[in-house]
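In what comes next, subunit A is part of two complexes: it sits with subunit B in the first one and with subunit C in the second one.
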Partner chain A sequence: MRLLRQAALLLRSELRQELRDFELVLTAGFFTVVLLAMFYLSFASLQQRAHLGAIPGLMWLTIAFVGVLTLTRVFDREREADTLRALLAAPVDRLAIYVAKAAMTLAVLMICCAVLVPGLWLIFPAGAAFAAAPGSTALLALLGCAGYVAIGTLFAAGLATGAGKNTLLFVILYPLTTPVLMYALVTTRALLDGDPALPSYLGQMAALDVILFAAACLLFETVLVGAAGPRRSSSSARRARPSGQVPRDMSREPAP
Partner chain B sequence: MSEPAAALHGVAQRFGRKVVLRDVDLELAPGTIVGLIGANGAGKTTLFAILAGLLQPDAGERRLFGRAADEVDADARARLAYVAHQTQLYGGLSARENLALFADLRRAAGLTTRPADEVLLQLGLPAEALARPVSTFSRGMAQRVALARALAASPELLLLDEPFTALDAGGRAQLASVLEGERRRGAAVLLSSHDLDALVELCDRIVLLERGVLDRSAAHDGDRAAFRRRAAALWQGRPQDPPRDPLHPLLHPQDPAAPGPAA
Partner chain C sequence: MNDPTSIRPPRPFRLRAVLPDLCLLAAMPLLVYSVHRVFIDTPNEQTMGTAFKIFFFHVPMGWLCMLMALVAGVAAGVQLRRRSRLAGCVALAAAEVGFVTGLGVLLTGPIWGRATWGTPWTGDARQVTTALLWLVIVAYLLLRHYGPRTSDRLAAALAIFGAVNVPIIYYAVKLWKTLHPSTGVVGSLPPEMWATFWPGLGALILCSLGLFGLRVRQLVIAEELDAAWVQLDERSQST
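Let's turn to the complex of A and B:
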């Protein structure tokens, strides 16, 4: 319960800051609209049967780009003021930090999807399948974004405690999120094709998300502050020292 | 004798090839204020990070509140407070919101916290400033909010990395008074500063961290003038850097006497 309460408090703080300037939502939203415009200009003239192949890739490419943009900004707030270290030094369950950041990023990505999916439907007539199955579309978007966020939040947090590591996030995140994005891409194609195996694909995505979140929860604290464990003892620690004894013979400097 | 609030035995830390701390021994007893001095890059902030649980030492032992602390768990973090060199406040939130967030996080963990307004008044922050975003504050005002956040937790171990930075004379006096109160309450305080006079007025002991080595100190024996002379001698008597052979650390990486790379 402490974990959930603290995660809720941190998420409330995130939302409060976001509602003051809408930085994340506006950035993600405008970027999505720009990409949609570019997709329209580039691909709208293709034959309709080519649209079915293009829509899944365009959708998840957009999520990948918006996702890394959002993760960068979510943790830039912490990096600029070093507030992440204040949370790490406080009696805050460290998983609560992960949950709050992941929830915030997921919320922004879902807002992005709320613009992206209707936009793809408008640009590509083959996207009408999204409107025909709104529940499946929403679940697909949620599961795909959740899997992306599970990995992305873990590594963005780890890089946030160092300076100048934004470029590393791009390098690390894309290879690691490829399996999730590919799964989402295949499932999106199944939805557009009206594949009867769609529920099975969605179930597999949900299972993948559970595995990714569990792994991220196990690794989060280690990624942030490093692993504790048996370590080499230095020379003075190897000397037996009774408790309470001053460890080093601190002699006073003679008065000049 | 009660257990120290914090103790480091043989702690070492390196970042890549750079050795930042070497075989550091330090004890912080309850009801004492220890001053930490050292040149820029001596390893003070790294030392604080290890004590606050933000960094795992590469070697040695860390003990907090009488127990070995391979990891600084939430229970230990509930009993300590760390004020870093940066104020670590959310600029988009007001002072009151920043303090309320951390107070609420403590309460969610079942811990008590003092009213932050009460602590802020002790530190001289005007009440009308509490509702303003921290991004509009001067460095000194933000520093007071950061200190109030730490003090509201009534910690048993208080770690302050250059707390006098950006405080005016009035703020320094108020902080010194607050820290005296913390000492009387039985807290162990470790603070770093480049202001030797402030440390002499406040501290029971001053230790020198020089190139990652902490092996010289001056203790207050009741004679403040003598303590001041010893503290000054401590600072002035720092070993001068020997001529650097750039190849020496590469040829003799295990040589403890080797002048390490600048930390």
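Let's turn to the complex of A and C:
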């Protein structure tokens, strides 16, 4: 209960910050519209049969791109104000930080889905299946985005605590989230085809999400702050050591 | 290790120190024997013909890739839990050997697939999961080499997710409908192919273990050097 209350407080703070300038929603929403326009220009002339194959891929590629943008911005705000350090030092359960950030990212991605899915339906007539099953579509979007956010928040937080190199999020996130996105893709295809096995696919996606959230919760604190006190890493040595120089002390014989 | 003057070169005559070199030495004649057996002594498979010979390299490399991903994942878990530098070195070395063996699997698989299925890539579950594991290993290596100061912990988490992928790859042929041969194919080999498979597997295991051991040793020495530099730097700043 304490964890949930802390997570709700942090989420409220995130939402308040977002409501001040709508930065995340506007940038992610605009990026979604730009991607939709590019998809329209690239694929609208294809035959309707090809649309059925293309829609799931376009939908989840958009989520993958928008997700990275959102995750980067969610943690960049903390980095710019150096508030993540303060949050970690505060008497707050670290897991509450993860839950709040994940919930915020999920909320932004769901808003993007609210633009993306009708957009795909407008551009590609084959997307009418989304309108025919709005409940399943919403559940599919929620489960797909939740799996992506579960892993994404963990690694975005880990990168946010380091100096720079946020671009590596792309390198880490895409190989790791591919299974979730592939599952979402197969389920979307089942939804568009009217496959009776759709509830089973959705159940499997939910199970995968639970596993990913559990793994991310277990690893979050260790990844963010480590298991014990700080120690200087090899990169400290790289900074300390001028290139090509050998310490004189190394040539000495070991003390008896 | 805390005092830079206490760093000493590895003693060359300790068994543990020369074990990787011994593995590599033993692998050389075994590899030559194995190649001779595969291409000269073993008859062609009835349906697949000469293309089946790639099996003797493809399967051991697949097993080694999965083994190295598991080793990297377990070592990364120990690294996260106990903040062990040695575990970090083991994880990195295992990932590097896993990268090479994974590349071998991903190159030999499509060649075999093209000869037997008529297409190099069918997109079946085992192919996709193996390719994903290899991508996770690449991401891990990129993060370890180019990541920020705290990236060691992050990379360790990535290695753990990679290790979780291993049982999925193993059971992929059972869980999903796939063209890929099942997990019991090695057990069903006729005796002459069985006799060819094991020397090849042994040679590749010895080769991988040798490279793995050498790399761990190299990384541990590099870590000790780094620690020495940090101490020297701190000492010079304090005086």
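Basically, the second predicted complex is superposed on the first by the 227 of 256 C-alpha atoms of A that agree within 3 Å, B and C clash if a C-alpha of one lies under 4 Å from a C-alpha of the other, contacts with A are read in each partner's own complex, and residues count from 1 in each chain.
Here, contacts are C-beta pairs under 8 Å (C-beta built on N, C-alpha and C of every residue); 3 or more make two chains touch, one makes a residue touch a chain.
This structure is a prediction, so every number in the text was calculated from the model and none was measured.
*Asks:* Does subunit B (first) or subunit C (second) touch A:20, or do both, or does neither?
*Replies:* first
*Asks:* Would you sort A:171 into first (subunit B), second (subunit C), both or neither based on which partner it touches?
*Replies:* second
*Asks:* Taking the superposition on A as described, I'd like to know which of subunit B and subunit C A:182 touches: first, second, both or neither.
*Replies:* Touch status of A:182: second partner only.
*Asks:* State whether A:215 touches subunit B only (first), subunit C only (second), both chains, or neither.
*Replies:* Only subunit C is touched by A:215; subunit B is not.
*Asks:* Go through the superposed model and pick first if A:223 touches only subunit B, second if only subunit C, both, or neither.
*Replies:* second
*Asks:* State whether A:158 touches subunit B only (first), subunit C only (second), both chains, or neither.
*Replies:* Touch partner of A:158: subunit C, not subunit B.
*Asks:* Let me check the overlay on chain A: which residues of subunit A are in contact with subunit B and also with subunit C?
*Replies:* 226-228, 231-238, 241, 247, 250, 252, 254-255
*Asks:* Which part of subunit A faces subunit C closely enough to touch in the complex?
*Replies:* 151, 154-155, 158-159, 161-165, 168, 171-172, 174-176, 178-179, 182, 215, 219, 222-224, 226-228, 231-238, 240-241, 247, 249-250, 252, 254-255
*Asks:* Per the contact definition, I'd like the list of subunit A residues that touch subunit B in the complex.
*Replies:* Per the stated touch rule, the residues are 2, 5-6, 9-10, 13, 16-17, 20-21, 77, 80-83, 85-86, 88-93, 225-229, 231-238, 241, 243-244, 246-248, 250, 252-256.
*Asks:* For the complex, give me every residue of subunit B touching subunit A.
*Replies:* For subunit B paired with subunit A, touching residues are 1, 3-4, 7, 9-12, 23, 25-27, 52-61, 70-71, 74-75, 77-78, 80-82, 84, 86-93, 97, 101-102, 104-106, 108-111, 149, 207, 215-219, 226, 229-230, 233-234, 237.
*Asks:* Which bits of subunit C are touching subunit A when the two form their complex?
*Replies:* Answer in residue numbers: 3-8, 80-83, 128, 132, 135-136, 138-139, 142-143, 146-154, 156-158, 160-161, 164-165, 168, 222-223, 225-230, 232-233.
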